[in-house]
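Reading through the structure tokens given below for one structure.
The first chain written gets the first letter, and so on, giving A, B, C, D, E, F and G; residue counts start at 1 in each chain.
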Amino acid sequence: MSIDVTVQVLKENVGKIIMIKLKGDKVVKGVLNKFDQHMNLVLSDATEYKAGEQTRLGNILLKGDNIIIISPQD
Amino acid sequence: MSIDVTVQVLKENVGKIIMIKLKGDKVVKGVLNKFDQHMNLVLSDATEYKAGEQTRLGNILLKGDNIIIISPQD
Amino acid sequence: MSIDVTVQVLKENVGKIIMIKLKGDKVVKGVLNKFDQHMNLVLSDATEYKAGEQTRLGNILLKGDNIIIISPQD
Amino acid sequence: MSIDVTVQVLKENVGKIIMIKLKGDKVVKGVLNKFDQHMNLVLSDATEYKAGEQTRLGNILLKGDNIIIISPQD
Amino acid sequence: MSIDVTVQVLKENVGKIIMIKLKGDKVVKGVLNKFDQHMNLVLSDATEYKAGEQTRLGNILLKGDNIIIISPQD
Amino acid sequence: MSIDVTVQVLKENVGKIIMIKLKGDKVVKGVLNKFDQHMNLVLSDATEYKAGEQTRLGNILLKGDNIIIISPQD
Amino acid sequence: MSIDVTVQVLKENVGKIIMIKLKGDKVVKGVLNKFDQHMNLVLSDATEYKAGEQTRLGNILLKGDNIIIISPQD
């Protein structure tokens, strides 16, 4: 068992594109810039996908407590 | 890894327009005046957008626990 | 960054009319009489607005954990 | 700012009829007999109102975490 | 103000039939055998009522965090 | 009042078939193998029932925070 | 009673395929690589199943607080 599974995965993906699945069937993709231990994420070049529509969001701060799945996109 | 990702982002945006996506498909835009470590925000010139309608709210206090995404609008 | 953003805003509005947006698309307006650090509010002359209907409630105690937005009405 | 806003309001209403608005659009009215610091309430002569129907409940224990608004009925 | 309102009410009803209203419009009736400070209840002869249907459950353990209202049935 | 009502009930049912009602109208039946103080359960021979359909799951770990009711099936 | 039921089950399944049922009727299958005490999981070769559709996700980090059931698939 390893303690900081989320920190470890996020650390490896700084500067890379990640996909985030949020509660309420929202999906966000963007470049991971920063994060903290609550899984709060700072993304650049972010786009939101919901019900077939996509919205460019640019730079965003995404609160960790709405996240279901994070998936690196390489 | 940086600890205070949310504080850092909010600090940089005091006096600037930010867009906030809330649970329940609400969006609020306004000028960020103050904030605290729970992401409670004080905004001026705030407008709410929901289901194609917009409502001017003026000065508001927005509770941090309903926030999904914060996006600076420059 | 200021610590007690919510206390500060509420303090300035004692004796004044505020609008409160609650989870579940409820809106309440009333005169703020008292509050505590959990954003529990005591209002007088309160009216509830929901789905086009309004109900006079008079004096109420409103629990802070249902609040999304507070907006002073001056 | 006063600390125990909820305790104060409940104390003043022991022995009196209060109306409680609960999550899920339930309304309960009854005589407040006892309460604790979690807003758990003991009511007598309680009636529940939901979607136009009313049900007599008699003596009840109502858990505080479902409460949105408490309104004294005098 | 009394501290342990819920414990007090439950204590008085051990061995008696109580009705429990749960989140999600479920109702359960049964004989209260045991309980703890989280309002976890052990009931015997329990029946569940939902949307006009009733299901005999017999002995059950009911988790306290889903409870809205407890009403003694005497 | 007894403190560990949930532990006590679960202890008595190790090796026996229990029915678990979960949030979201899911029902799971299976043989209780292990449990912890958060009501996390390890079941063998588990089957899930939802909306008239049943799915064999075999061995499962069921998280305690989704549980509403546990009922021994003897 | 055993304390770390979830850790124990997850430990036994590192390197194996597990099925995870999430809130909101999502199902994810994948190979368990790592986990922590909050049931945060790192999976490889993950696929999501929802409403008859399946989406390949590859490597993912899955947050523990959305999990209902984990079932080893051997």
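To be clear about the criterion, contacts are C-beta pairs under 8 Å (C-beta built on N, C-alpha and C of every residue); 3 or more make two chains touch, one makes a residue touch a chain.
Please read these numbers as outputs of a predicted model, since none were measured by experiment.
Listing every chain that touches chain B and chain G alike gives A. Note on chain placement: the centre of chain C and the centre of chain E lie 34 Å apart, centres being C-alpha means.
In whole angstrom, the spacing between the mean C-alpha positions of chain B and chain E is 42.
Averaging C-alpha coordinates per chain places the centre of chain F 19 Å away from that of chain G. Contact of a single residue of chain B with at least two other chains is seen at positions 10. The cyclic arrangement of chains, taken from chain D and going next to chain E, is D, E, F, G, A, B, C. Residues 7, 10-11, 22, 24, 26, 28, 34-37, 40-42, 46, 48, 57-63, 66 of chain C touch chain D in their complex. Against chain B, the residues of chain C that register as touching in their complex are 1-6, 8-10, 23, 25, 39, 67-72.
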